[in-house]
Structure formats: structure tokens, C-alpha cells
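Scroll down for the structure; my scribbles are underneath it.
Chain nomenclature is as follows: A, B and C, assigned in order of appearance, with residue numbering initiated at 1 for each chain independently.
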């Protein structure tokens, strides 16, 4: 078991290395010059100075070494559009994305599992089939479109929720703690709901299949032979087994959710990593774009590492013996 | 073996539930709409009809889906956009299916250390969120020609297919006809090509149907961000680019293209699910296990 | 005669599949007296396991117990009970032990939990009380260090121990009837003997009846007092165990007995019953065993035999009961194509 954990950690490190190297390759293979943008007081001399400062005049292998060392120190370079170190921009944006993703992950898995249970409990009936249709429908929605529709619906046509931003940009700093908290929550609802709805469908589909795989197994029959009713059989015996693969689903779903969060953040002006990255694209701010990609990947790798470790603990057959 | 497979597909069609047949019909409808677009509408997708007077009109008889900010007929753009979006999606899925199948078949058949290394590489790539990777590449090299976009999308989406095929290939390796071929001295490449690959086609087709829907969404999203398909080409995604900013007042420019996307994707997903159930559910490990990752943003 | 504990009358359990209607159990009747051990013997596909599942009404769709069947237990027709009534019986008055203990136990719960669950359901016991009872039962079935074992998971135990756990689970509520479906098939021979011994011992202690389902005549010889031989979804012979082994009547039973390898007798080759069991979707007309029977004649093709008495308490479903002279000497169907 210890060996398995060590292997998993090793895998994570390898992935991180691959991504950072990939980012390095991209930034150097891309056309254009990170310092090539036009500004009135940027003379060629200044550009040359920047290049030297960031090591762009050194040979490639040296630059690679510098790159890795800087990354290890947390130095992602300088954002040309925000005029601050990339690290600072990320420090601002990352917590917001973590909040959004955190809420969405918890909510979507809870709802998804509940929906799957409902589908299986009522399989073959009209209710069960309709639950499946609903899941399939939400699974087929583009995220940015759902975001736009929800925004339209709940912030404009029936204006009960704010149309964007993590907090009320004008008033928030002046609010007392409780209203400030409520303000945050109100702003969180729509983006979190969008992300949740989309992921719930995927989770429900997966969980439903896992449940159906476990249902015909022998021990389910034993449980019935003991006199248990269907609901208890499903919720205690079947679910407990069918949840184990779902733990690894958390790891698999993270990349998808992160991608979805990019669109959700843009539509709702939720100033997280996705929003940051998208804006950086428009401004040709390469260091920021790449930092966004790398940080995103780190989040995913960390998340799936945790999920895989949890899996090792959750299945008794792996835990002992 | 091939005759059986052909019959298998024909039989499958008849066993499809009504929902799936409707889905296939919907897809056919969109395809026909795309192909016959010039005959179905008298406008052109880039045509700005009266710069000032016809701007942002709500739906009417002349323009059933209204006009957008640049006085272009929305319905026309949806029909022509279908060409672009559907073509991109099918070609990209074709690319990823091909690459994934070959990769997975080789890995699964080879087994041992080769397989282990090949799978580790896939695991590494799967950790990188697809959207983020595409964003990075597309942003750095923008604007890209359409062919490059298709290739990129295809080349970032083959990992799940590869895993799927590899699992199947490993199982097939033990089957009698493969063992027989090996004992008759057939070369590994020949065995993979003639025995393994034809037998993994079913799950790949199912995965492909589901993937097309995802890529449509992905392309739309990328175009929405401004890095996918570029103006003046009309795709379902580019239609959101300008419309999104003013969507509160011109909701038809956002809702109708969205409905088109949802309808098409829903149709592909329904069809994919039904095909999976029909083409022997037991043998298809390509169940939603991979879907959340397969999704556009994964 | 005392009231039987269990009386199955004309049980028919059919499976409605895309390949046709599989008549897995097609008119079976048998009784089990209180305290008695009845063995049900037959090859796979004869319907014995389905019979067991039918008693507890655990037959999954597309299987269905046909109307006209009756299963009377302690005076009540089980087929007339609603689901709640049935649940009160399962694990409580009638308990079942399954064939594969590894897959029949839930891998994510401790064995103690699984045994205790029965007490919690039927006796409303608290967690603590149920756990105590579970440990008690594990001890009763001969598991050493039961309080430690109870905390372990099924995959940590050996096959024999898992089967003991299953038996413990079945006996928590001291049921009147224990159905054991191939309880020893998945176990080593030495363990088999231990489990059978355990079953006999517990039966005496608890005074319960046992319905023992197996394909192994040797098992039946050891534990049963009466035997029902099944073929083609029906009972083809029924007799006290001694009588069955001493003078079996039905050619199928004789074939089974002849096929048993026996220590001490030197025989060139093991005898087999030629042919295979027909598919339950397609029972042949007339006697279902006729294609494999050496003594069959045209009456067997024409007329489906009923169970008739051939001894004191022995019954056989064979036309030879009426025309014993027609019994052939060998075991191969004479001048007849053996179905491949």
C-alpha cells in the first residue's frame, strides 16, 4: 500500500514536470515576442534590458533551467497586461476559483449521486425515465450558453440575483460582516449553479451505471434473502460499493470542471483563474496565459491525487490484506 | 467475421428505441439544413442587410429568428453555421478516433512495459484540462486556419478512446482467433490491423457519437472566447461572440443558436447512449466513466 | 401424519426471455417435515436453484412464479403474501445459504456487521446487542476468536470460514427452515466435510428443517433423510435416502449413482449418462429423459409420465413403474442417435 501511494505521488510529479516543460516549449515556439508590444516609452534599449533581465538572451537550455528554478520558487514571471508579477494576480484570482470549484464539486456530486439513486430506484418507471431525460438534457448543454441563459433569466428578466462579479463591487467593502457574507453568497449562486448543473448530469450518468453494475451481484441477493427492503438494499449495500469508483470520478471530473469554470467565470465576471486567463489571451499576455494553464493543471493534479488516495482508503480490499 | 459485423449493425438499427430514431432524424435534419442552406434561405451569412435600418431586429416573418448586431439574418447564420460546426466536429472526432484507436490497439496488444509506458503518457496528458491547453495554444498562435483548429481539437481528444481501445485490445489478445493467428506466425502488425481493430470498432463508434456532441460544444465555446473559428466565417460559436455582449436586449441572437446546439448535441448523446445499449452493453467499457472528462472542457 | 413445515404444490417458475419461455421449474411438488433434512439433487439446469429462490420469492424478472403454484409454509401460502409479509419471513423464519461465499458476502462491510444486520432487522436489536449476538453466532458455527474475526472483511477469511459466516448469518433468528443451495460446492473436499458436519450439528441443536440443494449425491448421502431427484424442471424420483441408494428406480437416478466415483471399486472408466440436458425453453414432449434413457420406448415419446409409487415411500416418474419388464440392461440408449 505504501508503494502504491509513493507511485501515485511520483506520477503526479511527472505530470507536473510534463506540463511545465510543455508550457516552456509553447512560450518559446510561439510566434511573436513577449516584449514586442507597442508602448510609447518602450525603446529598443528597454526591450533589450527586459530580455536580459528575464534571461531571454541566454541559450535555450539555460533558459529552461531558469524557468524551472523560477517556477519552483513560485515566480511565474511578469504580467504585461496587469503590470504586476503574475504571482500577485494569481494570488488574487485563485481563491475565487477555488471557492467556485469547491462549492460546485460538493454540490454536483451530492446531487448527482442522489439523482442516480433516484433513477435506479425507479428504473423502468416513467419517473425514472424522466430523470434520465433530464440528466441527458443538462449533459448536452454548452456551459457558456447555460451561463448566459441563467444570467438572462435570473439577473434580468426576473432580477433576483446579481449579474456578475464575486461581490458587490461598490458596496461590499462598507458592509458589516453578516451582510457582506450574504452578499458573497448571493453573487456565488448563479456561477456555482451553472457549474453544478452541468457536472451533476455527468456524475449522475456515471453513478447510475455503477449502481446498475452492482445490482446483479450475489451479495445483493443475500441482502434481500435476509429480509431487507429494496430501499435499504440500494442505499446501504449497493451504494456503498458503487460509490468507490465515484471517488476516482472526482479526479477525472476536475479537468472538465476547470474547463467549464473558464466559461462560467467569463460570463459572470467572476474574477478567478479562468477569467484571468481569458482576459490575458485578449491582451496577448503570454506569461499570464501560461501561468493560468499551469496553475489549472496543478489544481487538477492535486485534486486527483487526493481522490486517488481516498480511493485507496475507501475500498477495504485495498486497505488491508 | 466481417459478415457478422455488418449484420450486427443492421440488426442494431432495428433494435433502436424510438427516442434514438428521433435523434437520428434530428441529426439528419441539421445535416440536410446545412447542405441545402443556400436553397433554404435567400440571405447569405455574411450579408449585412441595411446597416442601420435592419440592425438587431426581433423575430418576424422576414427574419424568423431575427437579425443580429450587424444586421445579419440569424436563421441563415444558423444554417450555414451548421456546416462549419458539424464539419469541424465530425472531422475532429475522426482524427481523435483514429489516433486513439491505433495508439490503444498497439498498447493493449503489446502489453507489458510498452503498454505501461504508453498508458502513463496518456495519464499525464489527461491531467491537463483540454480547454486550458487549447486556450494556450490557440492564443499563442492565433489566428489559426480552420484545418489547424480541427487537428488541434482532434489531437487533444484521443486519450479516452485510446484507453478504451487498449482495454478491449487486452481482452481480445486472449481470444482464440488471435491466439490462432499468432500460432500461425502472423506478424503483430498484421494481427493488430486485421483482428484487433475491426473488433474494437463498436465501442469506438459509440464513443465517437458522444464525442461529436462534446466537440460541437467545445468549438462553440472556443469561438465564443474568440480563439476558435474566426470571423467572418459563421459557426454556431462565433454567433455568440458579438451577441453575448448585447444579449439582454437581443436575446434571439443568443437563444436560437443555443437551441440549435443543444438540439444537435442532445441528438448525438441520445444516439450514442442508445447505440451503446444495443451494441452489447457488457462489452463496452466506454460508459460514462469517461464522459465528464470527455466533455468539451476536459 | 403431522403437518409438513413446508409444502410446495405444483410450483411452476417460468422465465420469459427473448429466446422463448424457459420453464425452469415445471410442476414440482415436495414437502419438508419439521426437523427433516430433504436433499434436492440434479444436474445444473434442472431447476433446483430456481426452486430455492422461488420459495423465498427472490426470483428476478424476467422470471415469474406462475399462478396455480402454491408454497405453504407454517400453514400459510407464501405466494399470497405481500412483500412486507415476505420480508418478515426472509432471514427470520426461512433462511438461505448460497453457493459462493466470496461473492455472496458484501466486500465492504465486516462480517460481524453483516451477521449483526439480521438481528437489527428482525429483532430490532441495538447495534451493541446485535454485535454481541453476531459474535455469539460466529462462535456457534465454530469460528475461532470470533470477536476478532467479526471485525474482519470477507476477503480476509478463507473459503470455509466465509461459508461458516453465511451459516451464522442464516441462523441468527433461529429459522424453522434453512435452505442451503450448493453450500459446499465451492469448497475443498476436507472443508466440505466440516461444513456438512456443522450443518447437521446445528440442525439438531436448533431443531430446524433443512432443504439441501446439491448436484453431489455423496453430500446427500451424508446429511439427508429424504431425497428428491429433479430433472427437466420436475421431480423424477423421491425416496428416503437409504432406499434411494439401495434400489433407485428412475433410470436417471440410476445413471447418477452409476456415475459416482467410488473408492474401493476398480472400474475401467467412469460411467456417464449420454447426451445433455435439453434446454428449458424446449422440453421434449412425453418423458423429458427419454432421449438419454436406455429403456425408453414409444410410450415414453407419447405420454408424459406421472409420479407413481414404486415402494413404501418411494415415487418415480417413469413408465417403467407400470411396465417394469421393459427395463434395459445397459445404460446407452439402444439404436438411437444420441443428441450431440
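The working rule: contacts are C-beta pairs under 8 Å (C-beta built on N, C-alpha and C of every residue); 3 or more make two chains touch, one makes a residue touch a chain.
All of these numbers come straight from a predicted model, not from anything done at the bench.
Taking the mean of C-alpha positions as each chain's centre, the chain lying farthest from the centre of subunit A is C. Across A-B and A-C, it is A-B that has more C-beta pairs touching. For the pair subunit B and subunit C, the distance between mean C-alpha positions equals 54 Å.
We define each chain's centre as the mean of its Cα atoms; on that basis subunit A and subunit B are separated by 22 Å. We define each chain's centre as the mean of its Cα atoms; on that basis subunit A and subunit C are separated by 55 Å.
Those residues of subunit A that touch subunit B in the shared complex are 11, 14-15, 18-19, 22-23, 26-27, 30-32, 136-137, 139-145, 148-149, 152, 156, 199, 202-203, 205-206, 208-209, 245, 249, 252-260, 262-263, 266-267, 277-278, 280-282, 284, 286, 289-290, 292-293, 296-297, 300-301, 304.
Touching subunit A in their complex are the following residues of subunit B: 120, 123-133, 135-137, 139-141, 213, 217, 220-221, 224-227, 240, 244, 247-248, 251, 254-255, 258, 261-262, 265-266, 269-270, 273, 287-293, 295-298. For subunit C in complex with subunit A, the touching residues are 56, 58, 83, 87-92, 95-96, 98, 100, 103-109, 117-118, 121-122, 153, 155-156, 166, 169. Subunit A contributes residues 217-219, 221-229, 237, 240-241, 244, 315-317, 320-321 to its touches with subunit C in the complex.
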